[in-house]
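After this come two complexes, each holding chain A, first together with chain B and then together with chain C.
Right after this comes the complex of A and B.
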């Protein structure tokens, strides 16, 4: 009886702290932001009360939705490119049989030992008008010093490039894990049954590593769709993203926490929805393999 | 100072005397002036804790120590503790969120807003011995309803910086930052004042208080010219880096930016447009109900000294309201027109001022950036 009670208390005891943590530092702040979005809370004293005006204005604003769509497109491209770049790396590390795979993995994540800001700023040195790339082009004679490729920096391209660079190691890790846990006997079986290496990859390896790919894709998409540090450093006017707008509404010009909260919650809702859809998709995809 | 503040100050003065009498037991009557000095010191010492200052990056313990060194020396137990503000909007949000700095520094365009917000109280200039050296035009700009709400210190202009070897302006006008010939080489400043500048360029009578139709025109101008702009800067270092490396040829800039680019041996001109530059003046403001009233005055007094002023001019390239200070750089002296006491006001420049519909301006500027 005592044992049963003890077992009964184990789960709440173990879950209590993390759940309380989540409630205090995730759920409550979101509720507060939601209250700001409905004008229940306001930054300034004065008459206020529940209203949908902020949400109504947002839904009817082609500007904010347009900016959101621009950020989604940019983030989708970055996520797809990053997965495409990270997959071969993870594949090599997991399946090539190299003895140094963990050393190489460490090398892959080595950039994380330096600060995020420093890594972004380093790209300014590379992409600028007098940066490494342009200087190389001047040296080769491909461009004259009076006509550098100026679209390299302060552009949407710069934002995508830097974000891709930042996130490649992050994506390689989940793909690596899914590939390393792959039952290699399945590949042998495919080979025995006459499948070419390419066919075995397409029909066995790729489907079985899909959870890692999806996880990696989400790892990139979720943070980059609301990104504002990288765009503000290398984006210029064309690289301005939805995350920048949220940050600006909260802290520049004149504080507009209501609109800022609406934009932030909309982003959260879309990300949560996408995560749910992907999770469902993953579960559906995994079912037949069990 | 509001009525409550004045009463408080009068009461404090009487308390000074009572404290003095109690502390010295009549010896004060013999000690005379020295006794009063002691009383003043006792009053200052009665204010406890570290002075809370909300200021801009570079004005605190991150490089600006010289400007308040005299205060720290005199009040080692009440050293300033800094919170940084990225702009006035950020400061306003922090104040409403419950932050209680004794002092903070908005710029002159926000003076009326804060003075009428109920968040601040006026200064007592009699407690600031360096006050008499401050530029009278800037001092006046720090007043509202006859009270001194802001103590002016740093100042400068919003005007146009351009590369004279690359850019050939058609006229001395704000139009240069909208010039189609220099697509991809132009920088704007990340501030709703861009709408004011657009209004100046469009010839509106009061660009700080534009009608809806005028604002629409200003916003449309900015939206239609945004494709020319490479960078909308919010930090000077960003601007210097981009301008210095040749990414930019034309920028909405401050006098110090011109000095910095000259130091890089670039051929640059700091143009005062025919529509006139906009002058800005930093105004130290005192939080209402501050428990460190006299310490705050002592801190502002240190900031207003000639020594601090010269240091600010020499090291940060901004002007300082102390009229006795002169920078070592003749370039800066020229750019700031420091020999002209009316440099920040008509007919030389438009002194930045209150924008009654600031929230509307802010929203429209955000829309320009998002467009």
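Right after this comes the complex of A and C.
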């Protein structure tokens, strides 16, 4: 052990560069956002100093908090739907005894590895009033061209559909890992003791795969609650989310960097809290991303 | 063995469900492929005959090619940077004992969970405060931060599988640290290094959210795509390029994964 420590480069030489990079380009930028949120830094020159006004306004703002809850609700629904879709798929791959499970797993995950924006684009093409789905229905006579199924695109439904589509393959991974490492002798024991398959599932398999479920849930919830790209492409006004509000405060004609910083930091705090509370489960889910 | 987990009917039902989910995942991609060959300005039914003109058009679109080149450059620079930083950090995390190891590891992995919108505006404010003009380099800096944790997650498990005695033997035979790394460690972790590089490359090539805040005048491919999506007239051409990019990335990623498994099996470590 003592020898091993002496070998090669020193620890500071190894860690120095990566840690310095993240400190400079990750930690410091977040600190600057905090300074903006307290009005220590401002976009426009003029008298300013430390103030909690931005935070106070945020806490009392029904607009921003309303948007936040809307995003939380939307993300919770998406996460639940994604886990519900991914669990049976992962269960099939891990426990049905199929010989090609790794090939099938790759088939399942491959779409996740293609471009995110292009998968959103595909749904934009499909869902429009004159899009692929509606014109297919006109063409086959299933629906009159005067009455397309509207609300498909530019709606909250579109945002949820596209986000679920994007995350299903990824979430199957942690669930697959938790089911694959399950000791099937436990199921045999349950069966020997008279449990039906269904009660063995409820009392053995499901509890033991819970870490994978929680990891999968958070893997969807954390990125989607701050999502702004998908809603801006397919959400219209009813699919406008908290992340869009942050983006708009920084990019439109009337930038408000202080309020934007408050909104961003609040989101970061919520996500950091979730991560801290559930980090045990997250590690279980990180294993497959080797 | 598995019959305690699943009945025959259950297996049939789950297989059907699996097929339905796979169809759901691939149908939109198949629709893009179909309409990339459709001879019409709008992607809609009925189909209007076969054409390659959208592919011709994007090959001659200077803006699009410029964006692809910019993204290629950004992706190469940021993935090389991320793999280098990730490799240094992974060696420290696996081979060294030091205080604050858990804290360092948490810091290095923390970009995994930050919402990209928050990271994007943080970098925007940082570059603004530091007086650094936005350019492709600022995008590279951001993408390195995003990709370092992925590189670490790929490299650490592989490094853990390498027997320390091999390295010690090299030292005993008089090799210095760099020579030991070059002759012993690097060949053993090469598959993992390559897949870290690929993950970082594809992440950067596809990244819109952070880039949208720190990009300069030269648009990356996702930035170009996003703005092109606002012009219906460009849609068929964008669909054609979408098909090319998606098929290419599928081929690269799948063959990389197969290659990595083969290589790991040959190196005696269970790849699966």
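Please note the rule applied: the second predicted complex is superposed on the first by the 243 of 290 C-alpha atoms of A that agree within 3 Å, B and C clash if a C-alpha of one lies under 4 Å from a C-alpha of the other, contacts with A are read in each partner's own complex, and residues count from 1 in each chain.
Going forward, contacts are C-beta pairs under 8 Å (C-beta built on N, C-alpha and C of every residue); 3 or more make two chains touch, one makes a residue touch a chain.
Predicted model, so just to flag it, every value in this text is computed and none were measured.
Which partner reaches more residues of chain A, chain B or chain C?
Counted on chain A, the partner with more touching residues turns out to be C.
Counting only touches as set out at the top, which of chain B and chain C does A:88 meet: first, second, both, neither?
The second partner, chain C, only.
I'd like to know which partner A:150 touches here: chain B for first, chain C for second, both or neither.
A:150 contacts chain B only, not chain C.
For A:236, using the defined touch cut-off, is the partner it touches chain B, chain C, both, or neither? Pick first, second, both or neither.
First partner only, chain B.
Tell me which partner A:257 touches in the superposition: chain B (first), chain C (second), both or neither.
both
Which partner does A:14 reach: the first (chain B), the second (chain C), both, or neither?
A:14 sits against chain C, while chain B stays out of touch.
Determine, under the contact definition given at the top, whether A:160 touches first (chain B), second (chain C), both, or neither.
Once the two structures are laid over each other on A, A:160 reaches no partner at all.
Taking the superposition on A as described, I'd like to know which of chain B and chain C A:130 touches: first, second, both or neither.
So A:130 meets both chain B and chain C here.
Could you pull out which residues of chain A sit against chain B in one structure and against chain C in the other?
Residues 124, 130-131, 250-251, 257 of chain A touch both chain B and chain C.
So in the complex, which bits of chain A are touching chain C?
3-5, 7-9, 11, 14-15, 17-19, 21-23, 25-30, 32-33, 36, 41, 85, 88-89, 91-93, 95-97, 102, 104, 106-108, 110-111, 113-119, 121-126, 130-132, 135-136, 138-139, 165, 168-169, 184, 187-188, 190-191, 197, 200-201, 205, 222-223, 225-229, 233, 243, 246-247, 250-251, 257, 260-261, 264-265, 267-268, 271-272, 275, 282, 286, 289-290
Please output the residues of chain B touching chain A within their complex, sorted ascending.
Checking each residue of chain B against chain A gives 86-87, 89-90, 92-93, 96-97, 184, 190-192, 226-227, 229-232, 234, 241-242, 245-247, 358-359, 361-363, 365-367, 369-371.
Which stretch or stretches of chain C touch chain A in the complex?
Per the stated touch rule, the residues are 1-2, 4-7, 10-11, 14-15, 17-18, 21-22, 24-26, 28-29, 31-32, 35, 42-46, 85-86, 88-89, 91-92, 95-98, 104, 107-108, 110-111, 113-119, 121-126, 129, 141-142, 144-145, 148, 150, 153-154, 157-158, 164, 167-168, 171, 177, 180-181, 192, 202, 205-206, 208-209, 212-213, 222, 225-226, 229, 235, 238-239, 242, 245-246, 249-250, 253-254, 257, 261, 272.
Which residues of chain A touch chain B in their complex?
43-45, 63-64, 66-67, 124, 128-131, 148, 150, 153-154, 232, 236-237, 240, 244-245, 248-257, 259
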